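Structure in structure tokens, see below.
A, B, C and D label the chains in the order they appear, each numbered from 1.
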Amino acid sequence: MAGLAAAFGSGAMTNSVPEFEDADCILITGSNTTSSHPLIASRIMTAKAKGAKIIVIDPRRTHMAALADIHVKQNLGSDVAWINGLMHIILKEGWHNQSFIDERTEGFEELKKVIENYTPEKVEEITGIPKETLREIAEIYAKSEKSSIVYCMGITQHITGTDNVKSLANLAMLTGQIGRPSTGVNPLRGQNNVQGSTDMAAIPNKYPGYQDVTSDEVREKFEKAWGGPLSPNVGLTVVEMINAIEEGKLKGLYILGENPMISDPDSTHVEKALDDIEFLVVQDIFLTETARKADVVLPGSSFAEKDGTYTGTDRRLQKIRKAIEPLGDAKEDWEILCLVGKAMGSKGFDFASPSEVFDELAELTPIYHGIDYDRIEHEIIHWPCRDKDDPGSPYLHKDGFARGKGLFTAIEYKPPAELPDDEYPHQLTTGRLPFHYHTGTMTRVSPSLTHEVNEAFIELHPEDAKSLGVRNGEKVRVSSRRGSIEVKVMLTPGIKKGVAFIPFHFVEAAANRLTNAAALDPIAKIPEYKVCAIKIEKLDGREA
Amino acid sequence: MEYQTVRTTCTYCGTGCGVLLEVLDGEVIGTLPQKDHPINEGKLCIKGWNAHEFIYADGRLTKPLIRKGDKLEEASWDEALQYVAKRFLELKEKYGPDSLGCFSSAKCTNEENYLLQKIFRAVIGTNNVDHCARL
Amino acid sequence: MAETEKGFEPKIIAFCCNWCSYAGADLAGSMRLKYPANVLPIRVMCSGRISPHFILKAFQRGADGVLVTGCHYGDCHYIKGNYITKRRVTIMKDLLKFVGIDPRRLRADWIAASEGDKFAKVATEFTEEIRALGPSPLRG
Amino acid sequence: MENLKKNIKDMLESGEIAGFLGLIEEEGHPIPFLFTKDSLDKLDALTVPDIRYPMTDILLKIVRKYPEDTIGVMVRGCDDRALIELAKNQKILSDLIRPIGVACTKEMAEYCRCSQPYPREIHYGEKVEGVKDRSDLEKVESMDLSDRLDYWMGQFSKCIKCYGCRNICSMCFCDQCTLEDDTLILTGQAPPEIPIFHLIRAFHMAGRCIDCGLCEEACPAHIPLRSLYRKVREDMADYLGYVTGMDETERDPLEFLGSDGYEVPTKIDET
């Protein structure tokens, strides 16, 4: 998010989902697309059937990797290095797009200096990607007519997450693979409304529509609209708020529809914070692990019980529609929030329907300004959509970047925060399964899904398992400096040796008891979920 | 005898597939892919096909709960809302607006996210607003 | 077809009905008639009980050939099980062929309880035929 | 169209049927809807679109809850074949179903490569002749065995195990599904175990499949599933003279021997 915003002026997916079908090359990294975004994977399969080259760079042989033309397994956390390596080759070979660089970007000279050092030999040493393969990837990506980059949490959940994203942006700008249909840099949003919640300023430094809380002009606009003084200070992120509880600075917390007890890194730490906080309100549809800690639990409604809008990963506004009434005495979430606002004595929550809420937010959010419920009944609109005549924007940065010129950032490779050592000799990465969603609160009550998988496992390379003396299906103890869980072994020849994978959906063996919460990307404040050091111990040899 | 289908958006990831919820006599009994949706064009993944299954799952919350000692006990809406408002305003009074914060939700709608951040920014007076999407 | 691979020993699953063909296999044993150890007989009550799933699962788990045996027509202890079996095997063979699995890897034959020699002969013939075909392309 | 609406309205008002399952257009999108005498006003939105929903699948859900009511349903040729099979398999009683038949246009028939794009009785649309096209089968048949296997394993390996082919299928009405039998197919894997996952389903389609093609339309991995099912359908006709969706009184020869036929199929291709 922060990385793309710095490079292009907007952190969103640059192109729309159907465009993937017409790409000539799709470079996928850090996205287990068939699991986490199956219907985007479907488009990518169509592209392949039409002749596109699919390149996957991922430490695991994911389903998409198995279907790809090229799959290489990089060392965990070595992304900046291989991206710089690609750019090094592209520049050496003259496959870059000089006129695009001249006309549309700035900062190229600094970038050039840094990538000069990333020779294929050096890159192979850091990343484990053979230099011949790197060259092949560079050639396909740079020389294809329309190349698109797809990434997900495997890129962002690192201490260098922002650097990784900026590097991908560098690569796209270097080759002019952006600002046209079926090109671009495309972060896939994991949850249904990540894009919308960010658009709606569920972030500490912006008002809706990415307007800075520190800008006097913007603040005055919102003070006028909302009828009162607003704070000029940037607020705290999720992880910082958890820390602030520990420090005694944060006393009250309202959690809407999230389960940080499972989803946040270092769950032990989160649990302590939620135990310690003075007043905790949780609004949810289940009594989640987090809700159990609350002082007040407000029963909300599922997507079937309310109206509203989601903004899809490609900035597409879509309605959800009420099919049934909320269960029991539960209420629609928008209504609960209006009631809370009113109970606090505010006059700004007198809405009769989500449509009225939308009208207010669209009024204040320039990128949503031209959108209303009536339009999205009939049209597919991707923001920015600035007025009623604006058809919206399936792809961004057509004639110029949102920030004016695209900004190259020269970035050096930095290793992950926690590297394997004698005590914790393996590396752990985490992710999703196709059969479950996030912390499992919704999917683990769904019989069709639990039938497929209902317990955690650790994917190990057969050779690693052999040296540990453990067999398929056997239960092992997995520990990091932060905690320990027991899971059964699943032998997986497709994973990189020395690397293990645990899906994070399972509360009884929560992968995030192990992950490294303390290691944050300095800008995006995203924890390094995708790399930490672990040790794996044989238990009594029992089958799980 | 009442059967209808309700066009809506799948709640399981950011792709935003179009689904039809099948409602028979007021009960959601199934999910169908929307055939003419521009994104999924009549196809779904296993989660999408079963998007209705969690709706009536055991453990759905149906009443507000307030902590009394170690236990969460059922309460009326009025009681719960007044208590939430009172405690937040007390804490704001005692420790300042930045002693409060919220985690909004990437699983909730735009409208809900807008309303929650508006409560914290406009009523409480803090920018301690974030969501778990980076996670 | 491919030459016989050196050292290739086919794995063959033979489904046999309780009343005729399994008894035939038994008799082959007590008559000391040799048939290849490659053939693993599995007893079911009637060839009609041999679900097409069993055949597919045998191939999925690496069988090079599947032999389905039952009573002669008219002798089925459940009157008609073997007729249904024959129909199913016919359709199955064509399906296998359509997806690129040699239909000769699946064979149906009828063996009476008294035909120990026939069981041995069929088992031997089938083993040699599969040996000639080489390992199943589905073997992992 | 006005006749159609009037026809349905009369049946509902007279109590001949308790409900009519059709489609309405909502904001430009056709969606399935059950008309009752309490929702006659919705008939204004009745539509016969060129996209298809699994009408008989939905019908079955309603019939299961209202087994004694008579229900009308809009059927195309494929849906009508499904009704015949559902009756054969005792999932519905034909006496309690009032099919309102729609003939498909030439464009739709060609798009669907449908051999019989019209129902037994036509209430709407003009009958057009069926399309005879087995080019999809010929494409596979032109390959040698090893290329065929490569082709199909390549196709199956794209499967994301959504079960969409089964979920959308009018003929998948079983209470328990073999595809979810964990003694046959490992759970939790995507792609699922191949080729067994797809071949089990293909074999089940022998004597069942009514060749509507909804499975293929629902497949996110674009697997040419229908070719597999058309193949077994063709085999059933060739070997056993059995074609689904024709006559309610016939029985699936893979399940029933028949009263007068202990015949053994003679046309067996041994290569």
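Going forward, a residue touches a chain if its C-beta (ideal position, glycine included) is under 8 Å from a C-beta of that chain, and two chains touch if they have at least 3 such contacts.
Everything quoted here is computed from the prediction, not taken from an experiment.
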item: Most distant chain from subunit C by Cα centroid; value: B
item: Leading chain pair when contacts are tallied as C-beta pairs; value: A-B
item: Subunit B-subunit D separation of Cα centroids, rounded to whole Å; value: 37
item: Whole-Å gap between the CA centroids of subunit C and subunit D; value: 34
item: Between subunit C and subunit A, distance of the C-alpha-averaged centres to the nearest whole Å; value: 53
item: Whole-Å gap between the CA centroids of subunit A and subunit D; value: 40
item: Of all residues in subunit B, the ones touching two or more other chains; value: 7, 40, 43-46, 48-49
item: Touching two or more other chains - residue numbers and ranges from subunit A; value: 38-39, 42, 434-435, 448, 452
item: Touching two or more other chains - residue numbers and ranges from subunit D; value: 160-163, 220
item: Interchain contacts (touch definition) - all pairs; value: A-B, A-D, B-D, C-D
item: List of subunit D residues in touch with subunit A within their complex; value: 27-28, 157-158, 160-163, 180, 187-188, 190-191, 220-222
item: Residues of subunit D touching subunit B in the complex; value: 18-19, 21, 26, 29-34, 36, 38-39, 51-54, 58, 61-62, 65-66, 69, 160-164, 167-168, 217-220
item: Residues on subunit B engaged by subunit D in the complex (per definition of touch); value: 1-5, 7, 20, 22, 24-25, 29-30, 32-36, 40, 42-46, 48-49
item: Interfacial residue positions of subunit B with respect to subunit A in the complex; value: 6-18, 21, 23, 26-28, 38-40, 43-67, 72, 77, 80-85, 87-89, 91-92, 94-95, 97-135
item: Touching residues on subunit A, where the partner in the complex is subunit D; value: 34-35, 38-39, 41-42, 45-46, 49, 63, 66-67, 377-378, 433-435, 448, 451-453
